[in-house]
Structure formats: structure tokens, C-alpha cells
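As C-alpha cells, here come the structures.
You will see chain A twice below: alongside chain B first, and alongside chain C after that.
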Partner chain A sequence: MATSGWFLTLTLALVSVLPLCVAFSAESPTDRRILVLVDDLSIRSSHSIFFDSLKSRGFDLDFKLADDKRLALQRYGKYLYDGLILFSPSIKSFGGSLNTAAVLDFVDSGHDLILSADETASDLIRDIAIECGIDFDEDQSSVVIDHISYAVSEKEGDHTLIASDDFIRSDVILGEKKIEAPVLFRGIGHSLNAANSLVLKVLSASPSAYSANPNSELSSPPSLTGTAISLVSVVQARNNARIVISGSLDLFSNRYEKSGNEQFVTELSKWVFHERGHLKAVNVKHNKAGEKAEPAMYRINDDLEYSVEIYEWSGTSWKPYVADDVQVQFYMMSPYVLRTLSHDQKGRYSTSFKVPDVYGVFQFKVEYQKLGYTSLSLSKQIPVRPYKHNEYERFIKAAYPYYGASFSMHHLSVPQIAGQSSIYLLSSDRTNFLWNFDFEKQISEL
Partner chain B sequence: MARDLWSLVLIFLFFSACAATTFRPISDGHRSAASELFVPIDGSYGSLEDTYEALRTVQILKIDRNIDINPHTCPVVSEILEDSSSQTKDVYYALGVNSILGCHIDSGIYEAVISRLQSVIKGAKSLYDFYYSIKGLLVIKDQGISVVLEDAGDAFHSIKALSQSGGRWRFSSNDAESSTYAAGLALEALAGVVSLADSDIDQSMIGIVKNDIRKLFDSIESYDDGALYFDEKFDAEHQSPLSTSASVVRGLTAFAAVTSGRLKIPGDEILGLANFFLSIGIPGTTKDFYNQIESLVCLEDNRLAVPLILSLPTAVLSSTSNDQLKVKVTTVLGSDSPPLTVKLVQASRLDSKSSPVLAHQELKFDPESSFHSLDILPTSMDVGKYLFVFEISLHDPEHKHVCATGGQIQAFIYYTGLIKIESAEIAVLDSDVDAVETKQNLDLSKDNVVSLSADHLQKIILSFQLTTPLGHAFKPHQVFLKLRHETKVEHIFVLKNSGKLFEIKLDLLALVEKFYYLSGKYDIELAVGDISMENSFLKSLGHIDLQLPEPSEKASHPPVPLLDPYSQFGPKPEISHIFRAPEKRPPQELSYAFLAAALLPFLGFLIGLMRLGVNLKNFPSAALPATFSILFHAGIAGVLILYLLFWLKLDLFTTLKFLSFLGIFLVFAGHRTLSQHASASAKQKSA
Partner chain C sequence: MVKSSGSDDARALIRSLRVAYSATPTTLKIIDLYVCFAVLTALIQAVYMGMVGSFPFNSFLSGELSCIGTAVLAVCLRIQVNKENKEFKDLPLERAFADFVLCNLVLHLVIMNFLG
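Moving on, here comes the complex of A and B:
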């Protein structure tokens, strides 16, 4: 009885989990279920514009306090969420089964993360950021100050609410529409780990900014100054998991009305939750010029055609991807041929080239990496053979003298055995054959 | 001694000043946000609860409703009120919506609703039943229909029976947990009972409830900025601090309004609660918006203490535009305060230990703009960050009991001005004698294009003076000298001051290690900035060519620069395979000429044969030898044709296959022909 009860619970759990697995798939890469961890549930209200824009785009937000005892990202080995928003900068340790390792595992399994810190950022939040290649200013009391490009605020005059419009130049991350108004930022700065090539600065501070404690006098130079300060950064991992890290939680709030914040965070959230810049490649084809079928192998110097179809996810459907920098390599240890593919505006990319005169096992390789887009890595193995013995050219003009000579000698020498014998046989005795005659004569002389 | 005491006081003030935040009353920002947030979709705000909250908020904020929602909402309201089986909660909200919209409801329906709600109260078990039915009756009473609650004393006792220690309430008698949110509901319900009662409620019971309220205030919590709030201990209801505090405030003010005698709640706590609601700013959700506005309207006019909010239109005052210090005192919803005077108790600089710059000044009241203002004399106040302490004193002694002003109110003021930058110069010194080699004056109001050069035995010296508008020394927070090498390696130095003079001496010999022995062009930038400096700047001074020694083997390498995200990606240069060149071949004509030459001997051979008189006279005439001879010669012709085919088309294997058959045939036919030939010639010889 107990066993059947247990079985029933398990089945129920599986049934409830199953639709979640369907939510995030290769065919529809946008995230659906998002866990939002907050320090204080009032963030739901103070950041409602951001959350409402997510909800209106079809996301299912699950708000939880970061120290909730029942927190879990996965159950029975299945992740319950496709994305995680950490709006809990001051949390010392998460509740439930969540910890730094669990968050990183979540990202490592291809899920997305928005992490927002502020001047109260705890070591836990800083550690997660460090694992993503982002180092917040080590001085816990420092904030980003800018005495030149600051926002004039009615309430405060300490120049910690800074205005920045130094965005990354990427339509895929920040949308095609230019962000006209500067973004207002109050929080802590960070620097990027130079060894990490996956992390990108999306919003940088102005050259006059610095990161320091506004209430104490500076005795030594601040560790972060100028445009080296990153305010908002993104990471796209090799498994296409996307991360946004911001040093300001207020950036996402409703508070700054006449700023570019709303557009900035909305566009950024579209990117991080895979509503944009997610590519897929289908119908990889190659064949000999003028043929349709894909051969099992090519011969050196064959002319071949290669084509692939690339589509970009628009949040609701796959749209043809149009770019002029998709390249294919014909690769064996190193690329022998590297071609830029031409496209037909409908997502079909193609090129044609001659197989090199080197035989071996080659690969067609497409290694497409573009700022902000998911990377495409396609490879297809194909052997290349040399000419067969009967595939060389049969008559060489330059060899005609040799042909002629051998024909001529054939009739002068070989017929001595065959042809001449017939002449010998068929001619009358009296006019015996010249060479035989001589031959016999020579013999008789001997 | 007195001086030390002052500094102690100032330090204390500084730390308490962290709590000094002035709050702003409800303003036009709220109204525009509300008119964006409360927008009916298809002529309706959704459920009746949402509709009531939306209508109430819009009503309090006096926003025009552009869209008439009556056609959609009124039918729903009358349906709920006519249906005798509808929930008490729905009935309450329907009545509430009706009171604002004024739908046409028959008086007969009201009678039915009243008797229905009365019977609910009699048999009520849970707090919600009491709350919604009593509130519903109150709404009907407010519309001018006489409602009398019989057995009010019993209802009062039943609600009071749910109260717990610590001033909290239970939702129903079955609940074990007590809730602060429920306390608010209960107080409101009790207030309703008192105002609906036909006879007076036992004053001792009211006294007990008053005592409960005081206990409830023991559990009040506070934020750093001085805002006070109630939080829910009982988690099952998921109430936020805002909804809990809103519930308590509604209950408290309603209860205070109906009972005689004062509730002993300090005015500061009421002000703290008001500050809490104001500190939320503009809420993003309709529920929070309603809770905030409804609570503030309760506080706006209550019998306990009307909180007065002192707010500053700006925290930044500029000395260049001779800004006046302006202060406004209003109620929480932004309406005018009773006549009062605002006093500046004192104003002191945060970063100095000297005595306050201003003390005991009375602010002038301008009835037109309703601002209290003070001219700050530039002679008395220099630029910097100040802590201002205000005090409100009410003119009418009556009001002193009614209003909560919060005693001394602290606010930070940033007093800004233009800083004079003078005698800026940069020089290169020879190290051992400190003799000036090159020296250039700088104009820091614009970018400079100084071009210097130095080697590692020299020193660079940069100096300038900063003075405040009053001629005092000024020490900005940010005084950085930045040297940037061509390879983007940056070095930042903080300039130290002695009085007005800022100077930095860079001894290059000591810095070579820090500079990673990188010789070449360094750009020089100077950044000076402060919160009270209106002309903060970041200027390029030009560049300097440094000749540094070659690095030693142990020298550290400069940091790896960040990858450029734009060049990191993007297309690679195309690669085309270079095919092996075909072998060189002679021209065709040459081949033909040599072909002709090679065929000449064969031609000679044919001519020779002709000359010899080749004939076929010896061909055997007898049938059998002739047949074999023909077959033999046909075989030879076959082999020759096979040769030709081999040359033109066939490969070696096919040729050999055919040749093996032909060869066997040829051997056989040849043997017969030759043997016959031999016998024929032997016959001839013997003949």
C-alpha cells in the first residue's frame, strides 16, 4: 500500500514536471518559467514595469524570497525553471537547496541568469559574479561616482546616480532601436576578467567616473576608474546560456522615468531570455556541381556546392537570418578552403568551390560566432580520394611523337615476328625476304 | 574642551544623520502614474475588488476618469446585490463600487441587503464575515439610508473574543496563529460596530481595545531612515509590510474616529507610519497603490495626529544662481498645512569640526507659493555638504495637539559653487639638483596640448591651486592624475594638497617598475570633481615621452588588455587552395613535327616492301592449308586490332583477357600453318 502510494506521488510529480521540459526546447528556445528571488517582496511593486513587460511577453514569473526554506531549482533531476533572476543583492545565503554551486550548475546546463547587485551586495552574490568572470569592486563600501555625467536628482546631490550612454554597439543585444536617453545607474561597478573571452561590457561608465566610498577621503587611487568600469555586463557561455550582471538593482526599477532604463532593461531581457539572437542551422547539404544527391566521397579537383539554411528565433517564430559573414571551411588539420557564403535573403546560404588536390578525410566546418548571437558549430566529414588509374587523360598531344614512334617501330620490329613471317610465308621463293635473305647469307658466310 | 564637545556632538549628528531622509508628499507624479496604472480594459477594471480599489484611488487623487465604466460595471453590481446567495465580500465591494459610481439600485434591494448582512453578523464565525458585512452596512449608512445594528454589544464581544495577546487578532476561533493584518481588520470592524450601534457600547470594552492597540504598537518595526511599519508575523496570509501597515492604519484611524477620548499613540509613530507609506514612492501594482493612497487618506484627517511632512524641493543649492533654501510643509496628500513657522535650528558642515554656519534662523513664509524660504548669505556659507536641522512650530496651540511634526527634522543640503583653478603648471625636473628643465603653464578651463619628454632620472611635477568662491582651500573628493600609455596601460595618482596648493611629484626612477618599463608616449589627463564643485572637469593635458630603461628579466609584465569585442568576432580572411601547377608541355606543332619524323622510317619500310615486290603468290591454294592460313592471318589482325583498342580505350586487364584467348587460337592456327608450310617447302626441296 505504501509502495503504491509512493508510486502515485511519483507519477503525479512526473506529470507536473513534464510540461516544464517541453517549455524550453531546441524548437522554441525562449525561456518560459522564471524564478525571481528577491530580498523583499516589495520589489514586485517597485520594479513592476520590468516584471510586467516580462509577463506581457508570456513569461511565467515565480517570485520567492531568497531565504525561502523551500527554494529549489530542480526536482527529480529536472529543472523547474528556464531562467533565474537574482534581485536579492544582500542575501547572505539562499534558503532551501540553493547555493552558489546550484546556481552555477543551473547556468552550466544552459539556463539563463540575471544577477543584480547594489552597494549592499553580499559575498554570495559577489562569488556568483566572480564565477561568471565579473569582479565587483572589492571595497564593499564603494559605489560608482561621476562628477561630470551624473543625473540631477531632486532628493540627492552626491553624484552617485550616474548617467551613461556608453552602450555596446550591438543590435542583437540592445535591439535595433537606438536608446536615446541615457541610462541612470546607482550602484557598484565591476571589472571584467581579462582571461574570460565570453564576457562583454554592455554599459560602461564615462571616462570621469570612479568607484569609491563617497563618504571618506581618498588616500590611494581607486581600483576602478573611467571606462574600465563596467556597469552592466553580459556573458554568453559556450553552451549558449546567457547571463546579465548589473551593479545596480535600481536600474530595473520604475523610479527613473525619463531615462533609457526601461528600454535598456527590456531589450536586455529579450536578449538574455533568448527572444533574440538565437540561431539554428538546418538542411546542411553538399553535392557535386550539377548533381542533386550527396556523394559518399569526393575526388580531388571536383567542383562542389555547399549550402546551409540559418534561421533566427524572433521570440515567436523562426525568421530567416541575413548576414554577410557566414563562412564555411573545408578542413583537414587546417582549413584548405575558407569561403564566405552568399545568401538569398531567405536564410539559405551557399557557395561552390573546387575540392583541393590533396586527398584525405576532410570536414565541412561552419564555426559561426558573432557578437551577441548564439554560436553555430557544424561539421560534416567527407573523404576525398585521388584519381583512379583510368581517370587520367588518355591522349596527350605532347606524347604524339612517342605514339608515332612506337607505331612505327611496331611495324619495323614486332612484325619481324608476326607480319614479316607472313610476308616470308606468302612471298614466292625467288624473291625471298630481304632480312632473311641477308640472314641466311650471313649464316652461309659463316 | 568646548571645542571637543562640539566635535563629539557633530560626530553623533553625523551618525544619526544617516537616518535623516526627508520624505515627499503625494504629488503630481503620483497622479500621472495612477492615471497610467488604473486604466480600464474594455470598460472594466476586472473584479469588483479591483474595481473598488481603482475607483477609490482615482477618487482620492482627484483624477478624471475619461472612460465611463458604468455600462459594464453597474449590471454586475446589481446582479450581486440582488442575488441572495452572493458572498459577503462581493456584496461589500459591490456596495463600495455603487457608492462611487452611483448605479441605480432600488431601495427595496438595500433593505434586503441590510437584513442579509445583519443575519450574517449574527451567525458570523470568522473575522472576514464580520469585517465585510459591517463595512457593507457602513457603506449603506453613508448613502443616507438608516441602518441600525441590533445586538451591537454581542457583535462587539464576538469580535473582541478573537483578539490575542500582543494586540493581534485571529481570523477565526479555529485559528491558532494571531495576525497583525487581522488586528487592522478587527479594529475597523469594531469601529463599524460602534458607529452602527443603536445604544452605547460598554466603555470598559472600548478601553480594553484601546489597550490592545497600545500593545500592537509595541511590535512596530522601523527602517534606518525613520519610517515605521508593521510586519506580519503570521505567514499563511502572505501579507506584505505595506498591506499589513495599511490594514492597521485603516483600523486605527477608524477606531479613533468613533471613540471618545484620546488614544495614547505618540504623534511620532503616526508620522513614522506616514513616512513609511511615502517612502514607497510610486508603487507599481494597483493593490499597493490602493493600500498606500487609502492609508494616507486615513492619516490625512485622523483624530490621533495629523502628520505634517516637511519636504525640500531640491537638495542641491547653487551659490552661482543664489538659490534660496526652500522648504514646504504639507499634509501627506500634499495639501496645505495649518499656519506654522519653520525654524532652521542649525546648519553644519559634515566634513569639518567647526561650529555650525547657521543657527536659529526663522524661514520666511510666502503664502503665494506656500514655501518657507531663507536667503543663504554667501558670506556665511561655503560650498560643501551640510546637515540642516529644521523645527516646525505651529501657530495655533490647538493644532499642536492635533498635528505630528516630528520634532527636529534633518536634511542633507549640497551647497555647490564654482571652484577657482589657478596657477596650474607642469614641469620636468632634473633629479639630483631639482633644477627645472622644462616648465609649462596650463589653462585648466580647456584641453591642453603640452608635449614633454623625460627619462627615468627625471621627475615630473604638476601643481595647481583650488579655492572656493569664498577664497578658502578646497579639497575635492576626486583629484586624479592619469597617465595612459599607448598600449592602454593606465596609471592613476591621487593628488595631495597642502592648503590650497595641490601638487604631485612623480619620481620616475621609483616608478619604472610600476610603469612596467614601458617607454613611449603617455597621455596625461587630470580629473577634478566633487559633489559641491559645479565645474568638475576631466581635461587632457597633453602627452609626455618617457625614456625608461630596458626591463630586467624579473620585471613584471604589463596586464593583459581586454579583448576588443568588436574585433574578436567577425569574418576571417578567405582562403583558396593553391592547386599544383600542371607540368609544362611542348607546343603542339613540335609534337606534330616529331610525330611525322617518327613515322618516316615506317614509310621507308613500306616503300622498301613495295620495291622488293611483295606478293601473295605463295599463299596455299589447297583448301585446308588456305583455311588455316586465313585463320592465322585473321588472328594476327585481331591481335593488332586489340593493340589498337588497348591504345584507344581498353585497359590492360581487358586487353590481356582478350589476348589470352586470341593467343591460344593463334598458337594453334600458326602451328598448323607453319607445319603445312614446312612440309610444303620440304616437298619442294626434295623435289
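Moving on, here comes the complex of A and C:
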């Protein structure tokens, strides 16, 4: 009886805690529930290394055929998933309520996406990529060919399985450990939309690569050549939603042993599902130098201290974020003060500065945008007042001559007035008005 | 030739000025002395400001303007009380003097407030 009571409590506790810990949240920003859409369920086995690595890191994968009639990303206005993996390059149209707009809405509401195309990529997949700032080669039959850096195999192939090690130099996107072996890639190339500043090339082709149909003669110069071809690209949207777009589905498969693929896709998936590079800023504090409490207002020329704590999500816990390039602005229409914050290695960033000699409504602003990291945008409003009338410095030594001069002018005019008046008025033969001034007479005359 | 005649002219001019000035009434001479003192104080302050810098600028301005203002008011008084000046012959002496006193009070009220 007692045991069953315990069991019930435990189950209730688990049930009540479970929805909190499995979903993406501000406190635990890693995605947990992921929908994987596939053309063919055999991808589960052919790409098992990639999926197993996700599962072992605690992700809850939900495999569905892309044309499943009951597909839905949200129910009753709430998203059922935190991330979406589209491993269905040839799908013409999704089943259920899913379409391009639904996928883009999913991303617009801050969720993450891995999209993988290959030479069979449908217009639907291409459209989603275009919306993300990525243009796959328009020629449907072309693939990336490289006659110099290709994977050597027993039979002389058409050099469409290319090897590339031209990675983006970013520890946050690809992990601190260097990817030793080149990545093997068989698929289509894409170019980045120049108007989109959020999209980044993560893996680009070698200078000798080009995008063409391997089975036909090259009649005209290929439209995409060299390092302009991106093989894998990422996007971090302004709402910190992350997207990975690859021109090859095989990139994620188990097929290429002895290549950098496994490490590459694992590290990339850590980034895209917010296991790395997700920052949070807490405990924004400011105070007058030497004081503890946060004032409601500063005075011009006050000395102040500002501090903020920044942590990076490591997938399981918040670790102090260490960087030397976090800056704070003291901002009113434009930054009056711009300071680089110094840190104590434990995530606390601080600086001190003097309030400028300008009063008005200022803001403390931290606008931190670093490649691969989620952007931080903090602002805290604070008014700055001028000196009160009794706060000005009085009796300044350097001003004594001026005081003397104006007092001498003022006080000299008194004896001067007295002297002049006596000289004028006493010596004057007219009315001696100073000595015999008759108010009553004057008033009655008026 | 020209030069010597020029200096002679200047000397003659100064002499005639001095003769003419000695005929000025004592009361006007006192006012002149007062104006000279005020202008001199203003000059000294300007030189001082050039040396130590313009830091309490409001104090400098009030010291300077106090002197210049006083000098201007005294010149106005001198114009009005000069018997030779026919323009103000209808203006009573008391009225001119009262103007001077009142303006001085207003000027120095402002100066005191601006002095810092």
C-alpha cells in the first residue's frame, strides 16, 4: 500500500515535471522534440549514426513520411516540435497541413530546421531554401563536380563525390575540435543570396569545383563555379532560430566512413539545436561608484559602475561565457559612451565610466552579435539630470578676481553715487532733492 | 618734413585737448576717472582670463560685464549731465542721476546672480 502510494506520487511528479523539461525554453534552450520527415523510412537505418547521436544526446525523434496525411506542426496553436529535419528532398507537396508557409512560420516562431536536398530536389524544397536566402543551382540535373579534389575510389567515377575541407572558421558552429578528415559530399551546390546578411557558408567547394550535369557535354560555362559554390550553409535568424541547409542528403548518412562527415554533421547539429552558442544575459546592474543600490536617476558627471552576467548554454547547463569583445553603450540617440566590458572568467562582465556632461533620458545598451552565437540585445533606460542649483561649485579660487571686480564695481558705485550726488546736488542751484525731498508734495503734485 | 610736421600736429592736438579738458567741470572729470577705472578693471580681467583659462566662464563674464556695464552707464550719465550738450538740456539732473542709480541696481542684481 505504501509502495503504491509512493509510486503514484512519483508518477505524478514525473508527469508534472516532464512537459517542462522536454520542451525548448528560455531556461533550457536546447530543442527536445524533433520531427524528422523522410521520403522513405529506410533513411532511419541508412542515416542511423546521425540519428543515434541525436538520440543519445536526449532528443526525441519523431519519424514521419513527408506525405503522411496527418502531418501537423502545431495543434491548438501550440507547436508540437522544437525542431524539424527535412530529409525528404524529392517531396512534391507535404501531407496534412504542412506546406512552405507552415515551415517558414515554424522558423519565424523561433524553431530550428535542418533541410537537406540532393539531385532529386523538388521545387517545394528549393522554395523553402530560397526563402532562407539560399539558391540551389537552377539547372535541375546539375550536381557539384570537382576533378581535382574528389574522393578516390576503385573505379574511375564521374568525380561527383567531392572532398572538401573548406570549413567556416568558427569554433561555435563546428566545435573546438578540428575536423581532421575532409567531408565527402555528393549533391547539388547552391549560392547565397547576396541580399541576405544572415546566411553563412559553412562548407564551400574547392576552387576547382563547378556545378553541371555529369552525364552531358558542357556546352556553356557553368553558372556556379569554384568557392562561390556553397555545399552546406547555415542561417541564424534575428529571432535566433537556426537553419542548416545542405545540398546533399548523403552527407548525413553512414556511407562515408573514414571521412569528416560524422564529426561535421554531429557538431553542426549541436549548433543548430542550440546545444552550443546560445547566450543569456542576466543580472544587469548599475550603480554609482562606491554604492550598492541601483539609483532611479543619475546626475551628469556621476561615476557609475555597470555589470551584467552572460552565460552560454552547453546543452546541459549554463556555463560562464568568456569573451573580450562585449561592449556596453550609454546611449541617447547615439552612443555617448562605448566601453568594452572586462570579465572575471565567471561570466560577470563589468565596467565603470563617468556619465557624460549631458542630461536627458539615456539607455544602457548591450548589442552583442557574434558569428554563430545568439544575439544579445539588452537595454535599460535611465534618466540623467543636470546639477541642482545648490550642487554647483561655489567660491572657486580662480574666479576670485572676477568676484573682486564685480564687487568693486558694485560697491564703488555706492560711494561714487553718494559723492556725485553731494557734488551735483549740493552744488547745484536747482532743487536739492536728496536733502529736501518732499514725498507728500511730489505725490500731491501727481 | 611730413613726419616732423605730423608729430608737431599731434603734439599741438594733445596740448589743445589738454587745455580744453582742463576747462571741463570737476564733476564730469570724476565721472571720467570712474569710467577709466572700470575699463581698466575690465582689461585686467581679460588678461587674467587669458592667463588662467576660461574655467569659471560665468564668473568671468559677470566680472567683465559688470565693469563694461558700469562704464557704459557712467558714460550715459556723463552725456546727460553735460551742460554743453544741448540735446538733454530739458532733462532734469535728478532724473538723469536716478536713471543711473536704477540701471546700476538692475545691472548688479543680474551680475550677482550670474557670478556663481
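What we mean here is this: the second predicted complex is superposed on the first by the 375 of 446 C-alpha atoms of A that agree within 3 Å, B and C clash if a C-alpha of one lies under 4 Å from a C-alpha of the other, contacts with A are read in each partner's own complex, and residues count from 1 in each chain.
Quick note on the criterion: a contact is a pair of C-beta atoms (placed from the backbone, for glycine too) under 8 Å apart; a residue touches a chain by one contact, two chains touch by 3 or more.
The structure displayed is predicted, hence computed values, not measured ones.
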Which superposed partner A:379 touches (first chain B, second chain C, both, neither): neither
Touched partner set for A:169, first chain B, second chain C, both or neither: first
Partner chain in contact with A:401 - chain B first, chain C second, else both or neither: both
Contacts of A:195 with chain B and chain C, given as first, second, both or neither: first
First, second, both or neither for A:97, with chain B first and chain C second: neither
Which of chain B and chain C A:392 touches, first, second, both or neither: second
Touching partner for A:371 - first (chain B), second (chain C), both, neither: first
Residue contacts on chain A - larger count, chain B or chain C: B
Overlap of chain C and chain B interfaces on chain A (superposed complexes): 394, 396, 398-399, 401-405, 408-410, 412, 419, 423, 425, 427-428, 431, 433
Interface residues, chain A side, partner chain B - complex: 41-42, 44-49, 51-52, 145-148, 152-159, 168-169, 192, 194-195, 197, 200-201, 207-208, 210, 212, 214, 217-222, 225-226, 228, 254-255, 301, 324-325, 327, 329-330, 335-340, 353-354, 356-358, 369-371, 389-390, 394, 396-405, 407-412, 418-419, 422-423, 425-429, 431, 433-434
In the complex with chain C, residue positions of chain A that touch it: 392-394, 396, 398-399, 401-406, 408-410, 412-413, 416-417, 419-421, 423-425, 427-428, 430-431, 433
In the complex, chain B residues that touch chain A: 22, 24, 240-242, 280-285, 288, 313-316, 385, 412, 414, 416, 475-478, 480, 482, 490, 492-494, 525, 527, 529-531, 533, 536-538, 559-563, 565-566, 568-577, 579-580, 585-586, 588, 591-592, 594-602, 605, 608-609, 612-619, 629, 632-633, 636, 639, 643, 647-648, 651, 673-674, 677, 684
Chain A partner contacts - residues on chain C that touch it in the complex: 26-27, 30-31, 34, 37-38, 41-42, 44-45, 48, 52-53, 55-56, 59-60, 62-64, 66-67, 69-70, 81, 92-94, 97, 100-101, 104, 108, 111-112, 115-116
